[in-house]
Every structure is written in C-alpha cells, then in structure tokens.
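We call the chains A, B, C and D, going by the order they appear; numbering starts again at 1 in every chain.
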Amino acid sequence: MIQVGIVGASGYSGAELMRLLSARSDVAIAKVIAGGSAGKRVDEVYPALSGVIDLTFEAFKAEVLDGLDVAFVALPSGEGMNVVPQLVDGVDRVIDLGGDFRLRDEDLYEKFYGRKHTASRLLGEAVYGLPELNNEQIASAHLVANPGCYPTSAILPLLPLLKKGLILSKGIVINSLSGVSGAGRAASVEMSFAEVSENIRAYKVTKHQHIPEIQSVLEHATGERIGLSFVPHLVPLTRGIYTTIHADLAASSTEQELLAAYDSFYGDAPFIRLRKSIPEIKDVAYTNFCDIAFTIEHRTNQIIIISTIDNLVKGAAGQAIQNMNIMLGLPETTGLIGKELQHV
Amino acid sequence: MIQVGIVGASGYSGAELMRLLSARSDVAIAKVIAGGSAGKRVDEVYPALSGVIDLTFEAFKAEVLDGLDVAFVALPSGEGMNVVPQLVDGVDRVIDLGGDFRLRDEDLYEKFYGRKHTASRLLGEAVYGLPELNNEQIASAHLVANPGCYPTSAILPLLPLLKKGLILSKGIVINSLSGVSGAGRAASVEMSFAEVSENIRAYKVTKHQHIPEIQSVLEHATGERIGLSFVPHLVPLTRGIYTTIHADLAASSTEQELLAAYDSFYGDAPFIRLRKSIPEIKDVAYTNFCDIAFTIEHRTNQIIIISTIDNLVKGAAGQAIQNMNIMLGLPETTGLIGKELQHV
Amino acid sequence: MIQVGIVGASGYSGAELMRLLSARSDVAIAKVIAGGSAGKRVDEVYPALSGVIDLTFEAFKAEVLDGLDVAFVALPSGEGMNVVPQLVDGVDRVIDLGGDFRLRDEDLYEKFYGRKHTASRLLGEAVYGLPELNNEQIASAHLVANPGCYPTSAILPLLPLLKKGLILSKGIVINSLSGVSGAGRAASVEMSFAEVSENIRAYKVTKHQHIPEIQSVLEHATGERIGLSFVPHLVPLTRGIYTTIHADLAASSTEQELLAAYDSFYGDAPFIRLRKSIPEIKDVAYTNFCDIAFTIEHRTNQIIIISTIDNLVKGAAGQAIQNMNIMLGLPETTGLIGKELQHV
Amino acid sequence: MIQVGIVGASGYSGAELMRLLSARSDVAIAKVIAGGSAGKRVDEVYPALSGVIDLTFEAFKAEVLDGLDVAFVALPSGEGMNVVPQLVDGVDRVIDLGGDFRLRDEDLYEKFYGRKHTASRLLGEAVYGLPELNNEQIASAHLVANPGCYPTSAILPLLPLLKKGLILSKGIVINSLSGVSGAGRAASVEMSFAEVSENIRAYKVTKHQHIPEIQSVLEHATGERIGLSFVPHLVPLTRGIYTTIHADLAASSTEQELLAAYDSFYGDAPFIRLRKSIPEIKDVAYTNFCDIAFTIEHRTNQIIIISTIDNLVKGAAGQAIQNMNIMLGLPETTGLIGKELQHV
C-alpha cells in the first residue's frame, strides 16, 4: 500500500487529490494537512467525501509526514517553499503543485512572484513534472515541480512544433481562458458568483507568473530564444482551461509535417489526444486528457492551435498523480483513465 | 431638483440605486456614503458608472446629509439602526432598505436577528414600505422601512387571498429561490462562483429573519393569526427571486373569486402583473414588476401560486424609489417602467 | 465478461451509462444503439469518449442485441414501450430508464403521459427498480423499470417516515429543482443557454407525470392513501435535483424516532447518506449518492426534509447500474463509489 | 412622433430594439413583423413586455411598413437581402442589422456567407453604420448596414492606431469571446444550456464571415492592406463580447501617442470609454458603451488592447438606434445613456 500525505489538502487541488486517490485500492491517504481547517473532519469541509474519506485535517509539522512514500504539497505559491525543504529528508518523494520550484532562475522568480525565494538551493534539484517532456527524469526524481495549469495547456501544443522548427520561435500569441477554480478556494469579492457570472475579465496582462514558466521550459527544451505573449482571462466556468495559440508557420511547413510532429512526440502519450474537430472544455472535464487541434490559416500563413485541459486534473492533481505513478514505476495511467486508441 | 443621498452606496442595493437614479433628470445624487470605499471614486468601484456618475464615496457623518430631500440607507441589517437615528432630524425623508425597522416587535427582532435593537423608539414611527399595501401611510411617512426581498415576493401574492378569506390561514408553505446578489457584496468562500455554480443549497431553514416579517405583515393586514413555513434556497443566479406557495383553498373558493381578489387589490397597481402563463425570472429581471400566477390543484384542493421579482429592483432599490415617488407626491412609476395594460 | 447493450445511447442518460460502464473491467459494452446517430462513431458525438470507447452507433433491431446479458433502454418515455417488448425474449435482463413501465395502472399512464400504453402486458412483470425498496425483487427480475429522477429524490426521504407513521399521509408538499440535463439532449429554444441562464421556471404544475409515480410507489409501499403536491422547477444547472419536502408530523414523533426510522431503513444502504448539515448538489454531483437531511419546525409542527441526487447518476444511469449489479448478484456498489462509513 | 417598424422583431436583436424603443416618448413602434410568430401577441412570446408593448406580430409584407419613418431589419443574414429591397422605396430610412449589406464586394460575400447576393445593386448605396467612423454619411444615408458585433468590438480599438500608423498593419491577432445571444434565438442542441454551461468552444476558425468585414472596413478607412487573424469563441455567457487584440507596435510609438490617438478620435464620441483598468463585460452590459484599454508589452514590443461591448446593444440594437438618431438629426445619445465625462 502506497502511503501518501497531502499538505494543503483543503484547497481545490488538495480536494481533487483526495477525490482521485480515494478511489484507488493501492493507495492509502495517510495524512491530510490543512492549517486553516486543522481539527475539522474532511467531510465537514467537503461533504462530498462523506463516507468516502474518514480523516481529520491536521496542522503542518514535518515529522507528521515522516516515512511516507509520497507527499503532495498543494499550497499557494510562496507557501510551498517553506514546507518543501522540511519534507525532502523525511519523505521518499515530494510533488509540489505550487509555483515555487518551477523556475530555475531565482531572479526571474523574484521578478514575477514578487518575493525572494527562500529555498533556492532546491531549484536545481527539482524536476519539472511534465511527463510528456521529462518522463525519465521524473522517474528518478526526489522532488517534482508539478507544472502550472496555463503552462501545461500552452507547452504541450507548442513543444513538438518548436522542436521540429515548424513554427517561428518569435511572435507567438497565447490567449487562455480559465475557470475560477484555478484561483484556489478563497474568500474574495472578485471571485464571487455575482461578479463572475455573465462577466469576463483579462488579468495580470504582461505580468502573469506563468509567462516565464512557459518561456523557460520551451527555451530549455529547444535551446532557442522564444518570443511569446500570454494573456489569461477569467470566464464564468468552474473547471477548465481553453488555450488558443497563434504562431507563424516556418516557410516550408506542411500539414503532414505538423501532424507527423505531434504523432512522433505524443504517439505513446496516453493523455494527449490530437483532435480533428475543435476541442471543447466538456470533452476533458474531470479527465487527465489534454486535447489538441490545429488549423492552418493560409491567408496569414499562421497556425492556430487550440488546446484544452481540466485545470484541476491535467493542470494540477491528475498530473501530480501521473507523476507519482511514474516515480513509483507504476503504469502512467493508474487511477487515471487513459486513451486506448490513437488519432481520435 | 430632488437632492438625495445614499448611505451604503457601494453595496449591490446602493449601486442599483445609483444606476436607477442617475438616469433621472429630476433627481440629483448629492452624496454617496460608503465606509469601506471612502475616498474612492464611484467609477473606480463600479466602472460601469464611468462617465455616468462623477462622485467620490465619503465616510458617514450625519451632518453630511443634512438638508437633503431623501436619504436612502442601504446598509446590512444591524448597521441601519445605528445610522437612521442620526438622519431622521436632518433629512426630510429616510428610506431604510435593511431589516432593522420592519418588525414592530423588538423581541421578535432580537430572536431572529440575534442582536438587541438599539433604536427601538423609531419602530413605531417607521412605515412598512410596501406600496401596494400601505400607499397612504407611505405618502405621509418620514421614515420608511423598505420590505425584504423574500417578503415582497411572498406577501404580494398572499395578501388578496387572505384578506378575502379564499385560502386557509394555516399550513401555508412558501419556498423561495434567490440569486446571490441578495446576500450583498461581500467576500466569502460560500458565495464564490466555484461554490455556487452547478450547486443549490437551502439555508437558515426554520430560522430566516424574513419569516417573522412575512408573518407579522400578513397578520397585521388581516387581523388573523397566520401559520406559514418559509424555506429560502440559493441557486446559481445573480438576480431574481422565484417564490412558489402552497395554500389550502377555503371550501367555497372558485377560480373567478381568486381572480377577482387579485383584480380588486392590484387593478391599479402599476407593478403587479397577474399572469396566465407561468412566470419566469427573466420576465422581471431589471424591472420593478412583480409577476404572479396561480394554479388550482383540485386533487389536493390547494392553490399553487408563483411570484417573481428582481430582488435588487422590486426587492430593494426599485421599491425604495417607488416609495420615494409616493413620499414626494410624484407618479409612482417615475423613473421606473410601469404597465399600461391590464390582464396580461 | 458481462456483455451489455445500450439502446438510446446518444442521449444524456445513455452517454452517462457509457461513461460509467467504460471504466469497468468486468463489463464489455457490446452494442450502442441510437437511431438519429446511427453510423456515427461514439467519439464523433461525444468527443469526451475519444480513445475510451471504440464503437459506432447502430440503428435499432432487436436481433442485434440477442444473447446479451443486459440491455439498458435509455429512450424517451413513449419510445421504450415499442422497444422493450422486442428485447425481453432475446436478452437476459432488461433495464428501462424511461417512464413506460413504472406505473402499473395503464389508465393513469394514459392520463399523465397523454398516450395509450402499447405494451401493457409487461406492466405486471416489471419491477420498480428502487434498490433501497425492492432489492429482492430486483435480484430476480427480468425487466426493471428504473425510477424517475424526481421520484427517486422524493420517495427515498419520505418512505421510512411514512412506513413508521411518523408523518401524516396527507398534505405533503414536494418542491423540486432540476438541472436541464433531466430534459434530455434535444434542440429547443426553451432549453437554450440564453433562456435558462439567469432564469428559473416552474413547469407542468399539477400535471407532471412523476406525480402518480411518487404517489403510487408510496401507496403500494405503505398500503395507505397518500395526498401530495409536487412542483418541478427548472434552474440554471446542468446536473442535479434538489428536493425540499414539507410534511406534518404525527402527534408524537420525536427527533430520535425520525433518526431511528432512517437508520433502520438505510443503515445498510450504501448510497444513502443521512446528513446533519444541509445537503448541496455539489456533494452528490457525479456520484450515486442520495443525501438526506431534515429539520423539525416546531412552530408549524412540520418536518422539512431536503434530499439531493445527481439526476443522471442516482436519478438514471447510476441507479440502472446499481440495479444491474443486483440482478447479476454482484456487490451493489461495483463500479459506483459507495460509502464505507455511517452517520456522516 | 417617430413611426418605426421592426422586421424580425421576435429574435434577440428585435426584442432588444423593442425593449429600448418602448422606453422612448418620441418613438412609436408601429409595426412588429415576425414570420414565425405572426398572429401572436408580443407579450406571449416576450412576457417581459407584458403591459409595456400592446402589439401583435404580423407576417412580412412590404406595404405594411409603407410610410414609416424608420424600418429596422433584424433578420438573420441571408434573409435581409430579400426584405430590404422591398422596403427602400416605401420607408424613409432603413437600418439592416444583418450582414447582407456590410461588404461592398459581392464575391467576398459569396465566399464567406456561402450564398450568392441577390440584392447587390444596393451594396454601393448602403452606408456602414459605425457612427464613430461614418457619422456624416450615416446622417444622410437612406440605407444603413449596421455593423456586426465582433467587427464593432475589433474595429473601434484598432482604427485610431492604424490611422495614425502607431501599429503595424500586418500580424494583428484578434481573439473574441462571445455570449450565446449572438447566435440568435433558435433551437439547437449546440446552444442548449447543458452544452454551453461549463464549456468553451472556438468556432468557424479562419472562416468566420466577420473576418472580411473587419478587414475591409479597416482597409477602406486606412487605405492600406491589413493582415489580421480573428478567432471567435463561445463562452458560457448570454450577453457581451470580450475582444483581446495583439498588434506589433511601430518602431517609435509611445504610450502618449497611443493615448493621444484615442483621444483625438473618440474625445467627442459619447459611447467610447478609454479605460485605465482592464475592462469587464459587466461594465458595459445593457449599455451602448464600448470600453477600451491597452497595455504595452515591452518584452515583445506589442500592444495588447482589450475592448468590451454588449453584443445586443452596441453590437446590434443600441448601435442601430444610435444610427437612427443620427439619421433623424437627434442627439446621438437619445434613449441611450452616454458618458458626460472624459478619461474615466
């Protein structure tokens, strides 16, 4: 039985981890840590888990998690870097779902997150947990930095085309639409139903902390300097990210080459579906799939790529479990439904 | 020019007052008071009013409103009773949109609101501002207690039938569904989009403070003891209240008598529409109408009555303006669209 | 391997059956029948099932399903009675999710469904598939009539109290709020987003076909004449039913007796959760649970009971699978998450 | 009294025209034409207008509208070109809200609309009804082609910058998010609540008929060839369009020049608000405003411009009324709230 602990278990990503892991017969959720809810039963905060999980939230102490096989840290960015250093010695494998260990450059971290990094010694050790890119490193990692939701939805569709040189590395425009659960479970007027319903707003234009994450992962993977713009939007939706990307095609790119690039990268990837029709959020909601489709616009010589994920699953908890599976040598799809067919 | 002030102008009811009053050429919004937003421009908090209202929120001081023709107090219940006593001397007419002056019995207030009443001397003076019931008293009132949103939607359909003895006065069951704006503009996890969307919850079952309001207004109007149950529900909606009422028919009641009762009460009421088809929220959204329809269920000898209002208009700001019009001797519909036709 | 077929597989209940059954390793979906989509691949109509189900919809012919272990019929009411008689000879077990075999009285059927019953010879044979009521008869049934969504949400909370005589059998008021998926997957202006969002409407007041279903099941179970009123409402929600019930308490009923009644009926029922806090739709969404809670209103001597289900799971596909499990002698919760704990 | 008729009055744009015009004391709605609803009272189809409009829909005959001052044609594209030619002789001023008279090039029309133009003789006569661009021509026009909703939201923010040469004319990327009312009032599974809620989908990628409208209006206004890509998305929203634009800055452009360009173009335009904070749909819902804000992204040397409108008001009925006001020599804002202040 795999013994796991979840730090920050009372937030949306933590709850999604509980939901997904509680259905597995090979995993025991041993500890659920949540400062603000310490002392409350899980089913008091999440009645959906009544009769499903019989645990009580505890306050964080590193030793509580000692000896566990896996610790998931599902805290807001800025809090993970306080907790992770206390866990890395006592716990076999640590998966951080926050943003603190995704950038290797602590200056970039300070610039976009607006605070100093207090555990920079671990930045070099952390493996960026995008399984479709870093499967092998994840398998042997001790600390995994689970990717951001927007970066997952942006990197996956761009990676094969940039690696193969089929699109230009400058002038990429990424527009993403996100459900509100991406902002976490917190009290705010801005996230209230009355403000979000029948409304849309872009936010953190030119300043979102996922900009350097997308850019640095793509630059590291391709060895090239990448020029991109990313604008996130909040729409009246609870779950899901919808990403629309414009990129200039390299002179010679053909539809066959573009398809072949995706095939060669993702042919064996159980959670990437290359779609012929336009993806929709509802096709991936509550799943770990990332659906991708593209259209060539001959008039502008651009490619328009659309990708969709469930931000709480492939964008957070599902991907974290996929990483856990890989770290433990289990089939990647264990406890997550994967595809059996190709070219759907 | 009618000079008005709004205390609590930054909440949803206050903003609705600003929206409705700013369109009038006979009204000048002289002062907007909002403690938490004092010093901010109105269009900073409500960009919708950019270019429409050129005012800055101020902190509350009674003397700031001295000499105004009308003051609207749109504060949460419990705060109004601190402010209203300071206004009644300096302002000609005061309309309180909160719950503090609706019950005449201060024990009942304490029981359902959970606090002592600190301005009980004004309870006898305040007129319950339901124009379809108390038009004359409102015309000469100095202080009007604007009705609650649920009570407006429940009292209007019941009043004519109870007064005429067409339904029994015991065993009335009222179920109401409300949009979230009824809860005001405040930060809370419970009211966040992720918790409200794709969800429903009843709340304050048997304990809601509008139970004694509905009951006492009906008892005062009929001179009879009324037995009723009221259950409010929160649904994924921003504006609107949908109220479904079950009542036992008196032995002899006929459909003609029921129709006649509504006709004789509301024939001249510009904002009551007796509908033949089943009312819907969208028919009254952004209007001051209360739509009412009923069905006789012969199997159970009950009447099922449905009423709908916009909780921010007929359930708050619109009704307050209707009261202001009456208090000032203006046509009741000024600045509010009324019906010109009957029996629609 | 259990071989199953789904007739009417392209509707919402059919799709939910596909979703739930495709995750099981002991079940093979052998045939998916859908007249309007015949010839189309499943993942063309439901891209969410891309890579998950590799099947093509076929037109209905009884012989196509011959020899299957289980056939689910997920057709609109009125169509099931044409199909079921053709299946009962060739298929081991038939579970009809529509309304055609739920009422034993064909006159009642004609009155509420507005058409003559064309397969009334099977009415006596069909077992009403509410496992918490009819577990043994379901185990040996050849044809199961899966309960309606509203009846499931109304019968489960009322049954123990009526059987024990703790509430009066007359004057019961049931108000239900439903998501739009209950109306099936069909083109209509009324169900369009622009008409449903920010709107509420009651419908079929006094006339809904689930009225006689609720009433006759309760009367059959208790041997008493039951008097009830039921009003369904459509709210801006995709999945879920929220049912609020008012009933008069019998003179002597105590809270302990009410609790004990639920305990003795549902103590072993894996999908009934007796809740202390007020149930919400989101606690049961995507699950087969029915959550129930009650409050005694001493002022009116009534009990107010609230129940919630996911209309597509416990109200349709999940309950059908629960029935299949019972019919096949499998644990009732197979492929459906059940509770392990009591009194949550 | 201005006598107006509305052809296609039962659709969403037609209903919005009725809503806005019924509030005016200087306008009489003389005729409401709606083929599918002919013979029905307006308040039967739109109970919201009960007691407000006392008219019955009629079938279309050109002579019915003879002698009116203004005819609005709010029909789907493809139907307007059948009706408009029959109206231009008998009616003083015709405003077509559909797409049939917006493109001057009938080949382009055929390519993007998928049908031959049957009234191409009027293409030269029709004035493109964007008041902020063509005020003078509109004033003397006999036939106005009211702009599309997406083009309104895209052209207004781009126009000043392109005219002043502050952005490059190639490589413009426009992403728009629209509410469902933009698709009109029609029965379809795709537009049903269950398919739209908690979902997003792009559509008509590279093929939308508004692409040539945006492009040709901008090219005509600037005299330059414009290269742009436009991707529309459907989001769970009833009203509103949110447009995010990326464009490359010309070498020397400064923030001051960008601001000055907007000022000089829109300083006197009562419905354009240049916003400092990020626009949101709710700020313009139910109004005729177009809110615009921009951010310079120095990293990519791009400008990111965001604009918002209510697609049924500034994107349809409101703009049509604005055009009517101009054609009749009335103040542009009559019956529509305009801004009184600048730089909000």
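Things to note:
One rule holds for everything that comes next: a residue touches a chain if its C-beta (ideal position, glycine included) is under 8 Å from a C-beta of that chain, and two chains touch if they have at least 3 such contacts.
Everything numeric here is computed off the predicted structure, so don't read it as measured data.
Farthest chain from subunit D, judged by C-alpha centroids: C.
Between A-C and A-D, more C-beta contact pairs join the chains of A-D.
A straight line joining the Cα centres of subunit A and subunit C is 36 Å long. Averaged Cα coordinates give subunit C a centre that lies 46 Å from the centre of subunit D.
Centre-to-centre separation of subunit A and subunit D, using mean CA positions: 39 Å. Among the residues of subunit A, those in touch with two or more other chains are 179, 195, 197-198, 236, 238, 279-280, 282, 285. Listed in rising order, the residues of subunit A touching subunit C in the complex are 23, 43, 47-48, 50-52, 54, 197-198, 273, 275, 277, 279-280, 282-287, 289, 291, 337-342, 344. For subunit B in complex with subunit A, the residues that touch the partner chain are 12, 179-181, 185-189, 191-198, 236, 238. The touching residues of subunit B, when paired with subunit C in their complex, are 171, 173, 175, 177, 179, 195, 198-203, 205-206, 227-229, 231, 233, 235-240, 242, 244, 246, 248, 278-282, 285, 295-297, 299-300, 302, 304, 306, 308.
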